[in-house]
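The following pair of complexes shares a single chain, chain A, combined with chain B in the former and chain C in the latter.
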Partner chain A sequence: MIPREWIPTRTTRTHLAFLALPVALFATFYVYPIISSVYLSMHSWDGFSPDMRWVGLQNYKTLLAQPRFFNAVLNNIAWVAFMLIVPTGIGLMLAAILDRGIRGESVYRIIFFLPFTIPAVAVAAIWRWMYEPTNGLITTVLDLAGLGWAAQNWLGDPAVVNASLMGAVAWWTTGFAFLVFFAGLRNIPTECIEAARIEGATSWQIFWKVSFPLLWPSTIIVLGMSAIDAMRLFDIVWAMTQGGPAYSSEVLATQMYDLAFGRFEMGRASAVSVYLLLIAAVVIMPYILYMSSRVQDSEAE
Partner chain B sequence: MSAALQQHQTALTRTVLVVFAVIFMAPLVIAVLTSFKSPPELTQVLSFPGEFYWQNYSIAFSRMGRGLINSIAITVPAVALSILIGAVAGYPLAYMRGAGGKFVYFILLTGMLVPFQIVQIPLFFLVQGLGLYDTIAGMWLVHTAYAVPFCTFFMRNFFASVPRSMYEAALIDGCGPARYFWKLLLPASTSGLAALAIIQSRAIWNDLLFAITLTSSDQSRPVTVQISGFASSLQVEYGPLMAGTLVSILPVMVAYLVFQKSFVRGLLGGAGK
Partner chain C sequence: MSKSTFLGAMALTALLGSSAYAQDNFEVWHYYAAGSELAGMNALIDYSNSQAKDAKFTGVVVPGNVVELRRQLQTAFLGGRPPAAYQSSMAFELKAFVDGGRLHPIPDVWEQIKGDEIFPAGVQRVVKIGGQPYGVPFDLSLINNVFYNVKLFKELGLEVPTDWDSFAKACSALSKAGYQPLGNAGGTFWSLYNFYSPLVSIVGEEGYYKIARGELGFDSPEFSKALDLYRDKMIPCYAKNWSGKTWTQTADDVVNGSTGMFMMGAWVAAYFEQAGFKGGEGFDLFQAPGTVGKSVFQMDVLAVPAGPEATIAAANQFLVAAASPEGQAAFAVPKGSLAPNVKVDASVYNYAGAKLAKQFSDASAKDAVLPNLFFLLPTALGTELGNQIQRFAIDPSDATKAEVISTLEGLRQEALANKAFIAW
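Showing the complex of A and B:
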């Protein structure tokens, strides 16, 4: 029959036409700028002058010798570890508690989720006020509790600034992990839980041996998104401290922004961004590979 | 389990919930209280405002009103365009068989790991070259382009959960693949599109990085840039700042509260069945 021969080719052509615009956008806004950044990173350039000097790998070598750069790398690594563990852990705990059926469940659900909807700059504005060293909420509460000695210059002291930022981010992002875990728990068939209960398992055992393994689809989404957010982290640091004091809270993204648009060292800024891409690729590629391999799974079913 | 132990446990979990609820709400409550306080009252963070000091809100609006309008003008079309491009890319990738489709899907997915810093400088010059620097249309284009990986991922997974028999039946009935997409698949996918629209409105409304890189004047600056500038000025006036911040929070917060269920369902997609 002719149609059988004919439909696939026409279908394929339509499919390719659909892909044309997204692929063109991807090529223009991802591929071309990345290549261009790699090219820029091997030059010395201020962004204005026609004089762009080839320096080879000099920018990369200079960065490796700078404590400022190393500090930002370490901060990024700390952020990845923090984002994978703390908001995920608290979100999982809250979801597990709420899943046991507690009065006022929908109110708690909204309260835990609300901060996630707020823009990073708004989180920064609110938390700069929380952390205000003399009249802020945290110092005030510590004073009232008789713990005034524990109050710090939360955002002004290099020793505590990163912990302060992480506190604000935990408040901001835990709601996402919470909601995804909560939805995942709700999707677990009750028969599985009942069966384990009849076998005599405690609720602690049921959670770790039955519920948690079945939560894998939620867990993978939360961990993947946390890693991506940690590598892209920019807004909240920039809006709260601009990387200060004395570069102590800098991550690679804010350092790159400062070099490019504050000091007009386009070449060195590009080299920072290439390093950032490489680190992000190492951290996140396993997730991308896993997500794209799940395609085959679903088609095989 | 003994009744006493169970009661004990319930009391413990209740306490944990209440403590976390207080921690989660405190910053928002303090922000609301602060936004109604006159400057001398600000030093007492835990007190209630003596009377509602609406002036904070009028100061905030005079400084950020234009930014709010710009944010709406940027977000609404950019959300529509980005979910549309995600659907357009996700459709063939959900139905194509063979290595070609998988390869394209993988390449588009790798976009999710790209930190935007590596595109930032060339993007600045690219947008300038297109004559779209400091324009709202430029922000539409940029937000749409950078949404391609995630929106494609999301819509492809959503389409993959639509029964394939619907597609095959339509083709046998003589419906072309393009017609199938516009007339049947898209109308049947409103729950997925709604969930993605919510995610995208948060991402675009909340963006700071692209906005500070690609806009420079009040003609196109969204509210996030204005708050950031307001907050980092030398003498921060927390009353008007909290008022402006709360106003900027509201649109996305309300959208999430209204569409929370479809957001969760869409996010878990096929995995959540």
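Showing the complex of A and C:
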């Protein structure tokens, strides 16, 4: 006989019913692929043969012995730093400037946000032409401005290519940070700003001491999304350089794709994906835990 | 209508629908998404549909290149729904899928089309795995020609180069006159295709095949000499900032007269023609030093995945039509490539096509036909060779050379240990 307290109540059953679908979707499309990737990473498999060969941790060891792998890891870390600072910083700056009530605000809002609506592959195509090293727009403008000496082999020089890609991504993604910060600024109670102004605060002091701290929820969203975007970066790099020249712009996701489909090494590609998961966890989890505690603190207050 | 009647009608409709689909709508997957390439593929499919008795084919474009197509195929194979036929590269690209048990051998088709007669020996050896044919060649491009701007050559009074010394002279003259001597482009393939010229110069045809079979090491004196020749004679000729350009951007530089020469696959001739830059007037071509009298080629074939008998029978009809002189010409003329079938009348080609066809015919007669090494090597090694040669072309220092050799030799040893090489 089942104890009475073990039988779910009608309310509990309703909760379980509502939870069933999202849990099933999460298990199918998130948990299962992770488990499958870990399983594949311990095999040698070309991706289509009926048979796989068990190799244990060999794929992980092989990757750790390759400079190519470490170069991709470093590039991912550089992308995280860039995404947290540059598009976020520019987006905040643009939002703060536009929040001052500039004429034609709605036009600027569209202009700033528009690039973010363009698909990655189209952005890549646009910037491949912009970065053409002889007749591209950037080189031509620099030449006309008498700054021809600053023109570079934008996508062909291993020392420059990552900065060039970051320039394109800054143009593309700043609109997102701008929009979130701008909405955040517009939601700050005007009494706070007025009170600071009456107290004699300068514009900079109002922004830095009043507006910016109150933008915290927007900052959480922008920084979190930026860090995640940086770790899973693939499309724009693949479409613009395919990780080249000679692996110099490669990130872990493009390396994974190249190994899986360019070289028929599905097991090793899966090992890269597991490393990517672990590195993303190390880089992003502390941030998420910190933010969670801040949210809890805010709720407590 | 009762519930059972309704369900019965639905089931019958579904059955008839799937039956009709199986009979009429066979897919051919390819990655020719635009321009002359798509026009060629559509013409080939149209011709095959006009010849096939009871099967119709639809072309399905997988945007991208061979890598993107592999990704789609892997998913399709795992899902048990591969296309009836698909565009494949040659040699190891076929072998990988044969080893995986995913390709259907086509000896009956081969016999019907008289494959051993209509395709040159050099072509045959890269579509047969273990003696069995697995693909019908339909798209062949030579990759050992240098295309040049006729006006610039006339203006500077330059002779068409025939060896390394005359090539170096042409480079020097173009450079002194303020032009970029030799175009190249960033990417895994293009520097490697250029490198075949010094490589063949040093190792010859037999050495080339020895590398393909894993018998000649990347740490051998011969390979080192080939890198040195590439460094001394070609790399200094390259246009400024070449590694930041796509091949079409470099082709544009030849059209607009800022770059004198461009060593690229024969498809660049079709690009030139589309840009109004006519063969024999705007541009002309010559075989790269070290490969005169020889043909290095890249080729695509039509392969048939293992599957239901009815699908294979339909695919076989498609292949037979695609191998015929009419089918081959239907593709080659709009695309600007060569028909691998030697029965195709040379009069179908334009200026550049006729020259290339003559080169290929002459080389075939001497058995001096060399398939693209990229696809003769095990897939991972071929891809790495492309990356490492590009790296060396960007930075041809001794340190880079040593790293290139070490990386490639390491992979060769790994492939030898896995018995991955085969004798083509």
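Criterion: the second predicted complex is superposed on the first by the 275 of 301 C-alpha atoms of A that agree within 3 Å, B and C clash if a C-alpha of one lies under 4 Å from a C-alpha of the other, contacts with A are read in each partner's own complex, and residues count from 1 in each chain.
We adopt the following convention: a contact is a pair of C-beta atoms (placed from the backbone, for glycine too) under 8 Å apart; a residue touches a chain by one contact, two chains touch by 3 or more.
Here the structure is a predicted model, which means the values were calculated and not measured.
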item	value
Touching partner for A:Ser273 - first (chain B), second (chain C), both, neither	first
Contacts of A:Ala120 with chain B and chain C, given as first, second, both or neither	first
Partner chain(s) touched by A:Phe48 [first = chain B, second = chain C, both, neither]	second
Which of chain B and chain C A:Arg128 touches, first, second, both or neither	both
Chain B or chain C, by number of chain A residues touched	B
Which superposed partner A:Ala246 touches (first chain B, second chain C, both, neither)	second
Touched partner set for A:Ala183, first chain B, second chain C, both or neither	first
Which superposed partner A:Ala281 touches (first chain B, second chain C, both, neither)	first
Touched partner set for A:Phe261, first chain B, second chain C, both or neither	both
Common interface positions of chain A, toward chain B and toward chain C	47, 128, 132, 134, 242, 260-261
Interface residues, chain C side, partner chain A - complex	67-68, 70-71, 73-74, 77-78, 96-97, 99-102, 186-188, 240-246, 249, 253, 258, 379-380, 383, 387-388, 390-391, 394-395
List of chain A residues in touch with chain C within their complex	46-50, 128, 131-134, 153-158, 241-242, 244-247, 258, 260-265
Of chain A, residues touching chain B in the complex	7, 10-12, 14-19, 21-23, 25-26, 28-30, 32-34, 36-37, 40, 47, 90, 93-94, 97-98, 100, 102, 108, 110-122, 124-130, 132, 134-137, 140, 144, 171, 175, 179-180, 183-184, 187, 202, 217-218, 221, 228, 231-232, 234-235, 238-239, 242, 252-253, 256-257, 260-261, 266, 269-270, 272-274, 276-277, 280-281, 283-285, 287-288, 291-292, 295-296, 298-299
Residue ranges of chain B touching chain A (in the complex, touch as defined)	1, 13-14, 16-17, 20-21, 23-28, 30-31, 34, 42-46, 85, 88-89, 91-93, 95-96, 101-102, 104-123, 126, 142, 144-146, 148-149, 152-153, 160, 171, 176-178, 181, 202, 205-209, 213, 224-225, 227-228, 230-232, 236, 238, 241-242, 245, 248-249, 252-253, 255-257, 260, 264-265, 267-268, 270-273
